[in-house]
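This report concerns only the one structure given below.
Chain naming follows the written order as A, B, C, D and E, and within any one chain the residues start at number 1.
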Amino acid sequence: MQQLWLIPLFPLIGFLINGLFGRKLPKSAISLVAVGTVVASFLWVLKTLSAIMPLETPHIETYATWIQSGFVNIPFEFAVDRLTAVMLLVVTGIGSLIHVYATGYMAEEDGYYRFFAYLNLFMFFMLTLVLGNNYLLLFVGWEGVGLCSYLLIGFYYLKNSASTAGNKAFIVNRVGDFGFSLAMFLIVIQFKTLTFQDVMKQAAQVPVEHAVGMMTVICLLLLVGAAGKSAQVPLHVWLPDAMEGPTPVSALIHAATMVTAGVYMTCRSATIFLKAPIAMEAVAIVGLITAVLAATIGMTQWDIKKVFAYSTISQLGYMFLAAGVGAFGPAMWHVVTHAFFKALLFLGAGAVIYSMHHEQDMRHMGGLRKYIPITFGTLACAWIAIAGVPLTSGWFSKEAILGAVYHHSPIMYWIAVLTAMVTAFYVSRSMFLTFFGEFRGAAVPAAGHHGHGDEDDHGHDDHGHAVEKHDDRAHAVAHNAAHDTEPHEAPFVMWGPLAVLAALSIVGGFFDLPHFLEPALPPAEHVAHEAWLEIVGSAAGILGIVIAHIMYVAKPEMPDALTAKLGGLYRLVYDKYRVDEAYDLTIVDPLIGGSRSFLWKGLDAGLIDGMVNGAGSTARLVGGFARWIQTGNMRTYGAWVLVGAVAVLAYLGIGGGVR
Amino acid sequence: MDTLLFALFAGIAILSAVVMIMQRHPVSSALALVGVMGSLAILYLLLGATFIAAAQLIVYAGAIMVLFLFVIMLLNAGAEPKPLRQSFLARALGFPLGIALIAILGFLIQRTVPPDSVVVRFADAKAGSPQDIGRALFTQYLLPFEVTSVLVLIAILGAVVLARKET
Amino acid sequence: MNLLTWLIVLPALSFFLLLLLPKSMSGNAKYIALGLSLAIFVMSLGLLGPVLANPGAPSFEINEPWIEQPAIRYHIALDGLSLWLVILSTFLTPLCVLISWNHIKDRVKEYYAFLLLLEVGVIGVFASMDLFLFYVFWELTLVPMYFLIGIWGHDRRIYATLKFFLYTMAGSVLMLAAILYLYSLTGTFDYPVIQQLLASGRVALTPHVEALLFFAFFIAFAIKVPLWPLHTWLPDAHVEAPTAGSVMLASVMLKMGTYGIARFCLPLFGGAARQYAGPIAACAIIGIIVGALVAMVQPNMKKLVAYSSVSHLGFVVLGIFSFNQQGLDGAVYQMLNHGVSTGALFMLVGMLYERQHSLEIKSYGGVATVAPHLTTLFLITTLASIGLPLLNNFIGEFLILQGAAIANFNWAVGAAVGVILSACYMLWMFQRAFLGKTPHDVAHHVTEINLREFVAVAPLVILMVWMGTATQTFLPSISGANKIVLEQTRPANVEVAHHNAR
Amino acid sequence: MNFYLVTMIKLGLVAFVFLTALAYLQWIERKVIAHVQLRVGPNRVGPHGLLQPLTDTIKLLTKEDLLPGHVNKFFYFIAPILSVSCALVGISVIPFGPKINVFGVETYMQLTDLNIGVLVLLAASGLGVYGVALAGWASNNKYSLLGGLRASAQMISYELPLSLAIAIPLLVYNSLSMREIVEAQNRFQFGFIPAWGIFQFPYAPFLFIAFIIFLIGAFAETNRIPFDLPEAENELVAGFHTEYASMKFAAFFMAEYANMVNICCLATHLFLGGWVPLFPAPYSDFVPVALFVASGAMMIFHGLNPRIKMDGYTLPAFGVVFIGLGLAHMAPVLKDILVPLFWFLAKAGFLLFLYIWVRATLPRFRYDQLMDFAWIQMFPASLACLFAVGFIVAWWGL
Amino acid sequence: MPPAPPAVPLTAYLIVSAILFSLGAIGFVIRKNVITMFMCIELMLNAINLSFVAFSYKHGTVDGHLFTFFVMVVAAAEAAVGLAIILTVYKNRNTLMADDIDSLKL
């Protein structure tokens, strides 16, 4: 026993302390508790892992029965294998860094204790997700992180857009959970257990042709679940809105950890997936589509966090693509490297926003390189990593994925390469807009924004929101302050973690993670390494950077011309392909309208209650007819009684009943 | 003598009853009813029911009817006016039905208890003294007696509650 | 006079004690009611030991003749199925007293007396093993609830209480007819005896008759549950009822229906139950989805919670008609869960109502700023209600859906949609009422939760976490009893292969 | 034939004596009150006003019979008749003495010995209400109506404690027949204490309370002071008989006094042992003789020294009559009749005197006090008494 | 004692009872005053009492007497409550006419 339960317990304790007493604690104590518990958890992970390495087989600890009903027996059971170990390190490691960062970023906020309580709770659930040794415990973490995501997105609950975004995240995730839970039921039916090892063992033994239908259904449902959590098309809509949350949250939850849970889950279920080729194909296609669409949207956005959000979606699509082509190891590798650089990007963006006094629109930035050099330096590391500049971490994982994809399907490969180039382009675009050129802080008037930023639009116009956020934030510095004061560098607690992550982003790829993960994943077919693939991939990344440099540094007037030329297509992409609007139009509005006018007013109040009341009215009608006998006049009643008496007696008398 | 008394008081009883239902004025009706009750008391005596006869006078005539009279006087009820609307059925059917009832009942009584089967002689009465009644009342009919006492108690409470001034 | 009988007698005595309380002491009625109901609750904990030791067999059994002819017996007993429901009732009653503390200002002692009378009725319903006795208690529960809604309710209370009364009455007369018919067949009202006779075939029912009897019972229970489309009394009753009335109605009285189905419909008429499981499950699923959708568009909080009850109880019915251990366990567990979480929801909504005197969602907003603790409790309850893991409803929903999936996977698909929708309506309501900027009147009226209210809700919140994690406190006994129920449920009359073929 | 004849003779005798006595009761009342108030009272007509009742009667009979125009004629006429007949019926069941043998005819000194005698008396007094109530109502006069209402309410109310008080001795004597009631008291405890109701061991204390209750109830039942609210002059003029004059007024008057006499006789029988003397047999015979002779002697003595001239003739004459009466108590046949009669009349007369005495002494009740007194004090007291006696009877047995 | 007079048949009592009862019934129907109607009920009760006593004579027991007794007691209770109700009705509606007291219908 390695007391694995202590790992999630530390953050839980932090949550309880901050949640119950945080209101009365000083900020320093809150920070200490929050950061301390997570760091303790990280240390405990290190200690545990060092004890149980090399982990050729999973290390399992069973604590108690949770649910026991008939043959369904679900224990509280934690397990660590190599997959888990990687996730544990990522979660606790990056989690610790982001906690540290957040103490700086959130220093001025109201609800400081609340934020850290939620964040600790998130750590608890995320660790439960990672550690749980059966699907239901994974589901606990799965739903739990969803909850924390909901809470943290809606952290600025005074803002309608924030709470709406929270709701959206939770509900879209619920749709995914719908699939996930159905998949679980099928797993129980098929394998009579939810414990990973047992399921995988049985699944591995199932002949492909025997239960392929079942496996396909299970995997497709799992895919729905994973798509929900990992923001894959068509359930990606919540993630951009989730940027309403504080930036550390975006970094931790919506970039580094939670959103990769879908990938983690897919890799966990790899054995089952391998039995369902159709589902694998579906995973790959979903991943590819997501990657492309999100990347193209990313090119058009102005809000720095939105850009990174779409980037995240796109990168997640990459991971799914990898998983879909059977490259689970590279997928996980990308999870890790992505965690590094995307967390860094978000934290860096957070530092930028911090230094810009909560301005997020890149058109208001520019030339920040001079004001916040440390931030720029660290962000540049993430930039080159995500762009796939050779020998950075992102390059390794990306090339691994592209290699696997090529062997699966060249068409997919070329699309993926194109996407890689687009990725490099939009990241570079945001970097150039932010750090290069002249500072445009006062140049762009607020009125220049698009006028359809309506509060009640359920937040699909991020642009408008950025402005409102700026105006509405309860703690906000005065509106003009952003323009009057110059951007300033973030404090050490903020750029410290950035530095660590920057280092990891650069060197994080030298560790051959797929190889490390081999014992934990089903054996994948090894394909020959082809050098030209790497060259093409690297070239795509660099080309993207170059194009961006041309458009945004060398010829700043070019984007506008291009935009004008593209016209409708640009608008479509800029509006994120109008997926939100389509959902509203096809699902949300009919559902609410139909519920209100048909199900409630029509069916419930009209038909059913109408029938009930109709029964009552009918009875009343019949009673109304019978009522004329009941005159209410007692003498008439008496006369009737007399009539009855005479009649009865006469009958008895004549009939001889009385003798 | 029996026959004479019976004829006399039965006649008075029926006459009073007729007067009672024909009089428009409730006081007259009440007095006529007292007459019926008094005559009935005599008839009870003729049947040997001495205790019941006395009870009839004390309870019915002496208490219940006084209560009636008291209420009539309290409400100062006058003769019945012609009401604005009245029960057509009652007005049209009351008498014929009543006569029919008398006829049918008489017929039935004639048939079930022929006149020559039992004759009543005052001296022949076998039971009816207060001792007899008391003995039966407190042995065989104890439970009904107690129940009746509860009923009376409830009636007292009910009457008090109903007639109480709203506070 | 064993403990169970005491638990029926004591609330009854308390009822009379409160009724006979002199007018001058009616201010003390709530203290007396609280003390008595707490004492009853503590006593009811004494039920745990013997039943947990042997959940499948009846404990605390008393089987005495009550009326010689017809042979009606005072036959009460407790097993794992009814144990927790009884304890839920005794547990909620003191909380209901607490929640009504300042809310009820006129006819105080009658109010608490009726609460205790309700407790008599529900405990009697859960404990009765004689069909006639069951019916008596079943109807007895109507009376206090009728008055609770009719006297202390809101504006349209007369309509609501009449609707409630007539609706449930309409069902229960059917049940009475069926009970009497069973009596004419078997010569007894004693449920175990009838069950034995039917199971052993000594009294054989034709499938047609069995179906009729089954539906006579089932409709009575379904109205109480309430199963779609027999549910329309519930929103009205809830909206008009005082808080404690809503709590007792939702948390305990609705369970009488599902309990009745599990206890009587299945073991007595297993054939018909299996035969008609399909349509009934369809109704349950429609109830789940339609209830959730309609809840989503309600402008009134209580109505929303009421429709959510329709949705949640659809799960319970679905679980029961899965005819497997998981489904039935989940159903019973979900009964308790729903009692706890919806009870808490009604309490919290009631607290809001006490402050703002409105149930419309749109007259709130930004409550989180002025009453963070209230909001936190509400949020936890909301999360429990939408089935978040580690909170109670999740366990029930998981087991029910698992059971339904085993019985027929399509059922699980349909029902799982309800899980999505539950998040929609609850969170949307939470957002509209609690989040956002605080309007002036809300800031003026809505105050933080006070100690008494906290004491009333906190046990429920603790229980939510407890029931979500330490399920082994409850599940083994429930499973034990359900196993017997399933064993007693006979196979279907007609081959309806596709139901069980998965 | 014998039966009817004897009954007729007794009827005639009782009627004559009773009616005369009623008339003279009025005279006695006036005289006694006068003396209480230190006046002389009627003394113009006849010696000591002894002929006053006669003249009063003649006056009332010959006065014009006024018939007010606004009255309900039928009830106006019938009310006094009802009243007086109900009052007079009562005397028929009251015995005046034991069984006697006159000229070989054995008979009771009583008009009729019913086994429900007490109930008949109660019934008669109950029916008496009608007269009053109807009179009040038929007069069509608000004073009369109020008087009638008061009378009936009061009589109904006080009938309850009265009946209960009657029931108490009935429990002890175990009979409803007047004669048997008296027989039950006709013995001497320890040889010298008469077993009268109020002395009878072990019921004496309760019966004494019952006696008091009975007396109070009797006062109310007869509408006498202090319970004369129905005819309170200063409030209601004269109450129910405001509109009555001449013989009809006399009828009410007579009914009131007849009721008084009846109720005093009843009290005597129930509580004071009827004709049972105060002393055991040999002494009891001499007491009346001695009393009569002594008073006769006193009259003669006073007659010899008259204060006014007339007394010189009348007093000796009365003295001789009294001595004669006294001696009659020793005559063989008469003795059996007169001695019990004497004891009975003495007790009843004492009670009547009490009536008059009270009238001369006490003020009137207020109406609410009157009702409260009946329902809140008398009724529970009589009930308690009844329970106590019933308990003793059941405990000791009879 | 005088010689026994010619006897009255029991039937005669019963017929008197029947006549009185019917008269009561007629009265209940044709009279309009609630109090009078109430009195008619009393008359009917009395008529029945006569039957009871008559039959009791026939059987030589006191059972009929006791029924009569109970009827009387109940009638007393009924009169008390009934008259109280009439008083209340009069107070509220200011009428004693049965035809005007028909709000039961509304």
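Observations
Methods note: a contact is a pair of C-beta atoms (placed from the backbone, for glycine too) under 8 Å apart; a residue touches a chain by one contact, two chains touch by 3 or more.
Model, not experiment: these values are computed from the prediction.
Counting hops only between chains that touch, subunit A reaches subunit D in a minimum of 2. Excluding subunit A, the assembly's touch network divides into B, D, E | C. Of all chains, the one whose mean C-alpha position sits at the greatest distance from that of subunit E is A. Counting C-beta pairs in contact, the chain pair with the highest total is B-E. Nearest to the overall CA centre, using the mean of each chain's CA atoms, is chain C.
Comparing the CA-atom centres of all chains against that of subunit B, the greatest distance is found for A. Between subunit A and subunit E the centroid-to-centroid distance comes to 89 Å (mean Cα coordinates, whole Å).
Centres computed as Cα averages put subunit C at a distance of 55 Å from subunit E. Note on chain placement: the centre of subunit D and the centre of subunit E lie 35 Å apart, centres being C-alpha means. Subunit B and subunit D have centres, each the mean of its CA atoms, that are 32 Å apart. Multi-chain contact residues of subunit A (touching two or more other chains) are listed as 631, 633, 635, 638-639, 642, 645. Of all residues in subunit C, none touches two or more other chains. Residues 1-4, 6, 10, 13-14, 17-18, 20-21, 26, 29-30, 33, 36-37, 40, 43-44, 46-49, 51-52, 55-56, 59-60, 63-65, 67-68, 71-72, 74-75, 77, 80-81, 83-87, 90-91, 93-95, 97-99, 101-102, 105-106, 109-110, 113-121, 123, 125-128, 132-133, 136-137, 141, 144-145, 148, 151-152, 154-156, 158-160, 162-163 of subunit B are the ones that touch subunit E when the two sit in their complex.
Subunit A makes touch with subunit B in their complex at residues 631, 633, 635-636, 638-640, 642-643, 645-646, 649-650, 652-653, 658-659. Considering their complex, residues 27-28, 31, 34, 50-51, 53-55, 57-58, 61-63, 66-67, 69-70, 73-74, 76, 129-130 of subunit B touch subunit D. Across the complex, subunit D meets subunit B through its residues 72, 74-75, 78, 114-116, 119-120, 122-123, 126-127, 129-130, 133-134, 136-137, 145, 148-149, 152-153, 155-156, 159, 163, 176. By the touch rule above, subunit B contacts subunit A in their complex via residues 86-87, 89-90, 93-94, 97-98, 100-101, 104-105, 107-108, 111-112.
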